[in-house]
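The next block holds one structure in the form of structure tokens; read it before the comments.
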Amino acid sequence: MLGYALRRLVSVSVTFFVVSIIIFLMMHSIPGGPFDAGEMPLTQEVRQRMMAQYGLDQPLYVQYLNYMWGAIRLDFGVPFQSPGETVAGLIGRAWIPSLVLGGLGVLVGTPLGMLLGMAAALRRNTWIDYLASAVATLGLTVPVFVTSMLLILLFSVWLNWLPSSGWGEPKRWILPIIAYATIPLATYARYTRAAMLDTLSKPFVTVLRAKGLSERRIVFQHVLRNSAIPLVTVFFPMFLGTATGSIFVEAIFRVPGLGSFFVSSIETRDYPLEMALMLILAILFALAYLLSDILYAWLNPRIRFGGGSE
Amino acid sequence: MLEALVTAASKMQPALQLCGIGKTFVLKSGSVLNRRRTEVRAVRDMNLVLERNSIMGLVGESGSGKTTTGMMALRLIEPTSGQIRLEGEDITEYGHQEMKEARRRMQVVFQDSYSALSPMLTLRQIVAEPLLIHGAGGATERDALALEWLERVGLHRSFGSRYPHELSGGQRQRVAIARALILEPAVLIADEPTSALDVSVKAQIINLIQDLQNEMELSVLFISHDLSVVRSLTDRVAVMFNGRVVEEADTETIFSQARHHYTRSLLDAIPVMDPRARPRRHFMSREELEAKVVTLRASEMDGPARPSGERRLVKISKSHKVEARVAA
Amino acid sequence: MSGPGPAAAPGTPSVQSGPAGRAHGPLWHAWRRLAANRAALAGGGAVAAIAVLAIIAPLIFPTGPTDQAYLQEALAFPSREHPFGIDDLGRDFLTRTVYGARVSLSIGFIAAAFSVIIGIPLGAAAGYYGGATDWFIMRLIEIFSVLPPLLAALLLGAVVGGGFWMIVFIAALFGWVQVCLLVRAQVKAFKSKEFVRAAVALGASPTYVVFRHLIPNSVSPIIVGFVLAIPLAMMLEASLSFLGVGVPPPTPSWGQMISVGLNFMYFYWHLAVFPTIALAATVLATSLFGDGLRDALDPTIEGRRA
Amino acid sequence: MTRLSPDHLVSVEGLHVSFSGIQGKVQAVRGVSLHLDDGESLGIVGESGSGKSVSCMAVLRLLRSPPAQISAKRLEVAGIEITRASKSDLSAIRGGVASMIFQDPMTAMDPCYTIGQQIVETIRTHRGTPRRRAREEALRLLKKVQIASPEAILDSFPHQLSGGMLQRAMIAMALSCRPRVLFADEPTTALDVTVQAQILQLIKEIQEEMGMGLVMITHDLGVIAETSDRVAVMYGGKIMETAPVERIFEAPSHPYTRALLDSVPGQGKGRGRLTEIPGSAPDPSSPPEGCPFHPRCPEADARCISSDPELVKVTEASAAACWRLS
């Protein structure tokens, strides 16, 4: 187990290393740096001093190494749009609304999606199956900003039931949470249905029936357990996928979270912040895949215990 | 003149010879989480001679190495040691172009007729494929020959425009046979071609192979675990056990005078087609069978004997070999 | 499947069948299954209708999408003359919405085509050669999976400054992964099939095997990969345009129109509603068609075991 | 469980099973009648698509419906009408009165649980035995099916065992509640020759020892010869002939039975052509008019083509469906 985890860790680290270089180079090729002539009327001398102060006059690889060395100590520099604090400080402040809303969205969406998927698989070709398919297709194909828009139009503009924006009282959280929840809901409805149908078609299910087990026991004890293995592996990447959606949800619902800072950092060419956010997300994605792989191996007796005659 | 002599000489050679052939696979065993690499000797130091115009059975259970042997003869699996001789010619080290020429003379039919035919091609295209690969004839000639072969294996010409999924298992196996034989090879390697078929269809395919073998003077290596089929079809049988040949003889000799314990256990396991004679059997595990070594006295052997403590394949008559230890 | 056959005379194999019915290839059967799937047909029909509408748009609308012909009536609500109303800059909103389909669909199709062009050779190489080639391509894919596509696209959009072709490029850059994985899996599965081994046993070269057997048998994942890449590219375009780094105005793009509509939403709802519905409907229709195609082409449903 | 005293342990009358799919309706079983008594061993022999497995699955109502549609005049196990049985009756019968073992043991066990857990689960479902006692019982069963190191096997996962070993474990599981009848659906087809012989002998020994009814479904006449008292020969979804096993092998009445026996390879000495049955099995979505075997039958005449023969008594204990016999 440990050996496998270590091997995956090395592989993921290599990937992350490459990704960090890509991100770094991408940031550096953005036209119009913060101290460009067009942006700020600075003299040559001042600009040079500024560049030196931020270490921008050194060779690229030195800049990269300096940056990564800082990043390890959570020192991502100072954000241009808010020079009074550090990038780490800003992120530390902004991630709370994102996590609360996104986390609640996942917490609501995932079990609902699983239930819907299960119902669809067990009642194949009935209205609930069609409903699940419709929800899954809609949730996975309609962009989250469209969903958000429709929610606002319906509940705030026309029905006037709920506030459409802001952060603070929990009443304002409801719409963003629903918007977030659509992705896990749709993802889990689709995956659960597929995994359950796959398991239900296996010969061993017929054997379980032939043994006289009740249908409920077959579903909860056996089918669910077998289907859960692929489902668990979807969770972490999906969770982060939901986080990416925060760009839109936070922009539309005007929540002061990471997503809205990301958007504003692009608009203001705030690369310390952009760079930090990209790096953090990339490492989280890498860890999510790593965790998924290890969990998959651990849950699957075929892999955990190996052996076998063939 | 010399060339003619050489050709004549090569015609005297057996159709296919496997000389001391062996295969070691490196297996990753244990779980993914704590891998061990083990070497498995699937086939070890194996000698086999397939005479011209004959059918030889290669018999054994799963894991005995019989399929690996067949695939090595075709060089679809590269042997780790030994030589493959096709009509006397050592093809073991042939490069792609030489091997392509050699492949005209040796063909294969597999067990699973479904995966043996590309679902995207019509039967005519499938049967004509060997001609296409070897650039034989124009498109119309290829088509005509393919249709001719479809008829020859017992399918109506109209099947030419059909697709594999529209056929039954037996019909698909006929197509696979037509494809294998359209280049008129000297050697056919048949890897369990009847084991997935129903009884009544099995008989059809066995008869078809026999008929074509007679007509074309083919040499067939017939790999099977089904001794009843082997008895109806082959002239000679080699029995494989744990990666090596433990007994080899003419088919009827195997059925009437088997010496090796494993051969006997195989024969004993054939269901008896008489309900009044239900035998009570005694079974031995693989380990027990491996431990039971036939011991022969020097006088029981064919030709001069040198006693040895080790077991090896020894001749006990002109055409019967068995793995045994020779006592002084 | 076979009719009566004469009893076999010894020495001649029995003829298996009399006249055969019409032969149908696997793609014909897939088409039959697709035709039986109402959701997929509706999706396909809707996409086709939207595409036709987008193509003939100049013929049916009196004004162009960027003509500020109705400045006096700016922000007017839907009416009989202007079914979708007028936007903030005095342009007929129905005209703009229909023209938006041009951007969305053309980016969707072109990006999907590029995804397939990149994905097929890489997937085929990874599946066929395996080993180091496969390892390398899989690491490449891992890199793309670790990079959050939307954020990376957003950054890239910022780097290169948006524009039609840039969005196509970005969408293809992230779209090929899916096609590559599908083709890789198919090639890998078929590489060890016995018909491929039979071809090798006949002396076929790797090129022959790839072009005669592996690529034709990968038609299904290629088609599916193509069709499912379309909505992804359309979503990406809309997202980028929504955030202002996509297709630059005044060219009408749904994402951009939604973004503008957001500002007027409380008073002039039509500016947000119509592009939102247009985008949702188009993406949904394409996805339904793609899902239906995937089910129809799925080889596991085919009558494999006779 | 004691309701009516049944005439037979299992009785099936006029069973029809069809499947509806995109390709149309497929009639897998067309009017099958069978019965089995305690301690009796019935062999059902037929080629693939003959409806033999489907018939047995229908008896325990194991076919998902839809797509399967089942109708029968009578379908009883231990006096309980299966088509109308309640959920609790059905689960008491399945695994309790009637057990089943399947062709491929590799896919017949849940890969997520150990062998022991799966046997214990069966015992506890039917008898509510405490867990520890059930485990002891499982151990005893594994010994009974001649597994060498039962303690280790008990804690193994299915993928860690060989096919033969797993099939033994399946048999142990099937026997765990001392069923009165065991349905064995091609239990040895996926196994090696020597393992097949061992498993068959094991099933036979246990059946005799426990006085259990046995339904052996197979395409292999050799298996029938070794295990069955009475035989039903199926073709095209119908029973062609039913007779005591000796009569099937010594004096078969139906042309299909005769042809099937003749085409078994390895009976004569040495190489030679086999007697083959021309053509191929009927397509169940469009079975031929009349006798299903007539297109391949050497003795077929006009009557066989136009109408379907009923099973008629040939002797006291045997019957066949052939116009030649009436």
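By letter and in written order, the chains are A, B, C and D; residue numbering begins at 1 in each of them.
Convention: a residue touches a chain if its C-beta (ideal position, glycine included) is under 8 Å from a C-beta of that chain, and two chains touch if they have at least 3 such contacts.
The structure presented is a predicted model; accordingly, all values stated were derived computationally and were not measured.
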Innermost chain, taking as reference the mean of every protein Cα atom displayed: C
A-D compared against A-C, more contacting pairs: A-C
Inter-chain centre distance, chain A versus chain B - centres from mean C-alpha coordinates, in Å: 56
Whole-Å separation of chain centres (CA-atom averages), chain C against chain D: 49
Approximate Å spacing (C-alpha centroids) for the pair chain A, chain D: 52
Centroid spacing, where centroids are CA-atom means, of chain A and chain C in whole angstrom: 24
Two or more partner chains touched - positions in chain C: 1-2, 8, 14, 16, 303
Sites on chain A at which at least two other chains make contact: 305, 307
Shared-contact residues (touching 2 or more other chains) in chain B: 168, 171, 204, 207, 211
Touch list for chain C against partner chain B, complex: 1-2, 8, 11-20, 23-26, 29, 193-195, 197-205, 208, 212-213, 216-217, 219, 299, 302-306
Chain C-facing residues of chain A, complex: 11-12, 14-16, 18-19, 22-23, 26-27, 29-31, 137-138, 140-143, 145-146, 149-150, 152-153, 157-158, 237, 240-241, 244, 247-248, 251-252, 262-263, 266-267, 269, 274, 277-278, 281-282, 285-286, 289
Touching residues on chain B, where the partner in the complex is chain C: 74, 76, 96, 99-101, 103-104, 106-108, 110, 112, 114-122, 126, 129-130, 133-134, 151-156, 158-159, 161-163, 165-169, 171, 174, 176, 179-180, 183, 204, 207-208, 211
Chain C residues touching chain A - in the complex, by the definition given at the top: 139, 142-143, 145-152, 154-156, 158-159, 161, 231, 235, 238-239, 242-245, 258, 261-262, 265-266, 269, 272-273, 276, 279-280, 283-284, 286-288, 291
Interface residues, chain D side, partner chain A - complex: 57, 60, 62, 87, 90-96, 99-100, 102, 104, 107-113, 121-122, 125-126, 157, 159-163, 170, 173
